[in-house]
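In the part that follows, the structures are each spelled out as structure tokens.
The two complexes that follow have chain A in common; it is paired with chain B in the first and with chain C in the second.
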Partner chain A sequence: MPDVVAAIDEGGANDLLQDAAAALGTLSDSGSGSLGPFVANWSASATFSGGTVDLIAPDVVRLANVRMDYSVAVSVSLDLSDIIPDFCLPRICIPTPFGSICTPRICIDWPTITIPFSHSSFVNFSADFRPVVTLVGGEWRVDLVVLGTPFLQLGPAAAALLAALGLAAAAVLAPIPFIGPILALAVAGILAAIGVAGILGLLGPILSPFVSGLTFNVFRQPQLFEVVPASGSDAAVNVTLTAVTAAVVSTDEDELVLNVDFSP
Partner chain B sequence: MTVLDSRSLRYVDTFGRHFTEPGRVRYRLTSAAAVCLPAEEEHPFAIDVGEGSGGRQHDVVVALKGRSLRADPPSLKIAAGDVVLWHCPSASIAYAVQGDGAGGSFDSTAMTAGTLYTHAFGTVGDFEWTDAVRGAVSGMVRVTTLDGEESEICEKWMGALSHGALVTIHGDRVDPPELSVLAGQTVFFAVTDADGISITEGRLAEKS
Partner chain C sequence: MSLTEAEEVHAGLHESGANDLLTAFLTARPRLLNYRSSPLVPGPPAAASAWTTIPPLPFPGVPGGIHWGVQFDLPEIDFHPDTAGLPPPLTLGAQRFALRTTVTLTILCGTRRREDPEQPSSAVTPLRAQLKLFGVGHANAVYFGTPGQGEITFDVDAIEIVDIEPVQLEAVLECLIRTLLDAALGNVRLPLEAVTAGAFAFALVRGPEIEDDQLKLYGNVL
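Take a look at the complex of A and B:
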């Protein structure tokens, strides 16, 4: 029989998870990856909130409709020559005071451009978590650790990000000399080269790690701590938590149960 | 960079000289940033102007070889009345042409009678130009775009690109002082009389 047994029902677990999600704060990361045929640099951040807890014995904490709010900023560099075909101004001849003069055919050197674009939104997901107890650095921790990689429905986000790319590309391309009426074709060419598949290919690896390693801390306690008597002249005593276990127990209702053993 | 500035010739520009006097002319090509510095090699390129009725055009391609700007061909035999036109196809080079000999000196950074500067305007906008050397002349080129259906515009635009416009500068007279072209079109600035002027976008002349 453990020295201390603490149990919370699904309602309590809900509150605990909300606090744990808030304590997690904003997660952020950056890196580079493939955006269709191009390489893009990115930075992203995510926060978690919401969700409904379903406790399933013996060790599954199922969270439904967890909301991940995220921001993704992407910067892609591309050589316009890969998108727009070679283009040359024709030879032009006009009569001048010095006779008829012809310019040479002048071929336009399309530059390499950098297009920054960003998108903020949220995605809901459901996932199963398992309580994991660890003793690290003299502290007992009970974390809920996600099992596997939850599925993120990123289709709408990819479409929105592609639209943001289109707007950003048009703004970057507009001042480029000689692009003129080719501008719309160039934007279409960039969007076609990347496509929703290219955006998904970047977005998935950016956002999935935020949820694949998701861990909510629900309990932490130093292994050794001082207990002060409520009254009287007794001295304070040090208590050592010798063992902590966590499990989902199903009796008349489902509960997340913490068993703690200690020694003086 | 595709700025309007005859002092710094770019790949969308050309510079021309109308040679009217028979004799030998020597010239140099220099980086636009080094026009006032002494040349490593004094006027290495030659043009022999012979007697004749003229009227022909000779193109010289400017290229960077090693650390020097080279002319191809490095020497020319032309007839009096012919025009030599310099052009550099590389977008990374800004250069100037300076020469001396029969018929007097010529300089793309300070254009005198018988010189020509062409510039292809790449972007839409109002380009107020001035003479950054003496402030002797000025003008305006309004660069516009076409409106309409995308496919129709493209076809019209491609057709329009093969037409140029001419501005003649004679003393303090600019004809026409203002003109309108489409983005991508080329304007020819022909100097028939001047003490040494430049065709420079106003905002650049202010910084000079």
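Take a look at the complex of A and C:
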């Protein structure tokens, strides 16, 4: 028989997971990836909340409808010449009584532009987690670690992000000389070159790591566990946590059970 | 039957764990086991800090009173049901714990100077008696203002010292020692967090309940 048996039911586990998600705080990452034919630099952040716990013996904690709120900021550099063809205004000569007056030949070489755009939204997902017990650096932890990579429905987000890209591109292109008449064409060209598939190709690899490595901590105590703090001339009272195990136990209720042994 | 029953959180402290906590507590704070009115009451323990100083027993005609000491061995607790065995007439009822320990009573025996001029008054002889004792008691929850904050305390209801004659002397000693042991054990206060080893902070709803060799607490997540 363990020295301590601590159990929590599904209702309590729901509350516990909300606290664990809040304690997780904001996760962030940055990097670069393919955005259609272009390379984009990105930074992203995500927070987690919500979800409903279903405890499944012997070791599965299923979370349904977890909400991931995220923000993605993307910056893509592209050579407009890849989107719209360069062109030249031909030399035009006008004969006059004094001779011909000619305009110079003017060639437009479209510049390379950088388009920053961002998008914030949320996505719900469901995932199975497994309790994992570790003793690292003198600290016992019980973490709920996600199994596999949960599926994220990113279609609507990709469409929204593509629209944000269109607006940002228009804003960046507008000041460029001579582009006025073909602004809409240029934006359409950029969006067509990237497309929803291109956005998904970027967004998926950005957001998936946030959930594929998702870990919620439900127990964390130093191996040298302080029972009573020092007080006055009295020393602190400590015990050593010698073993910790975690499992889901099913009786007439499903419960997450921690067993702890200690020695004086 | 689930562990949490109608509540969200359950914590069960097995008697082996309770004894580990008691051992840790009383080893770190030995003054809760050792009481004396004078350093002439011999140890072990040797360290003065391991003793609680108590007043001598006053008595008219005894200058400075009668010096004495009381020491308890580490008590061993057995939560209901009784697995260690209790001597009659003690029985371990529901929601009760049994304990066993040894008490050492010491008295500094001296002779008054005017009756025996050859014997210096400071020459005292410590006389010691060790008595094995058994007891039964119950646990209490003490709540603080902050939800989830509280302590478990232990009260001694009765003790039994076997094989003391006459019976009246046994009754006197049992009353005296029960009072002393109850007071000593009253200083042992286990925070709720210790009973759960820090898992699942909760507001206590039920307990402490003593059954199945465990001290059980029930509550809801904070």
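To be clear about the criterion, the second predicted complex is superposed on the first by the 247 of 264 C-alpha atoms of A that agree within 3 Å, B and C clash if a C-alpha of one lies under 4 Å from a C-alpha of the other, contacts with A are read in each partner's own complex, and residues count from 1 in each chain.
In this section, contacts are C-beta pairs under 8 Å (C-beta built on N, C-alpha and C of every residue); 3 or more make two chains touch, one makes a residue touch a chain.
Nothing here was measured: the structure is a model prediction, and the numbers come from that model.
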Which superposed partner A:Leu258 touches (first chain B, second chain C, both, neither): second
Chain touching more of chain A, residue-wise (chain B, chain C): C
Touched partner set for A:Val237, first chain B, second chain C, both or neither: second
Partner chain(s) touched by A:Pro85 [first = chain B, second = chain C, both, neither]: neither
Contacts of A:Ile101 with chain B and chain C, given as first, second, both or neither: first
Contacts of A:Pro175 with chain B and chain C, given as first, second, both or neither: first
Partner chain in contact with A:Gly11 - chain B first, chain C second, else both or neither: second
Residues of chain A that lie at the interface with chain B and also at the interface with chain C: none
Of all residues in chain A, those that touch chain C in their complex: 1-9, 11-12, 15-16, 219, 221, 225, 227-228, 233-239, 241, 249, 251-253, 255, 257-258, 260-264
Chain B residues touching chain A - in the complex, by the definition given at the top: 2, 11-12, 14, 16, 18, 54-55, 57, 59, 81, 83, 85, 87, 89, 91, 114, 116, 118, 120, 122-123, 145-146, 150, 153-154, 157, 161-166, 168, 182-184, 186, 188, 190, 192
Footprint of chain A on chain C - complex, ascending: 1-4, 7-14, 16-17, 20-21, 23-25, 27-29, 49, 189-191, 194-200, 202, 213-214, 220-221
Complex contacts: residues of chain A adjacent to chain B: 89-104, 106-107, 109, 175-182, 184-185
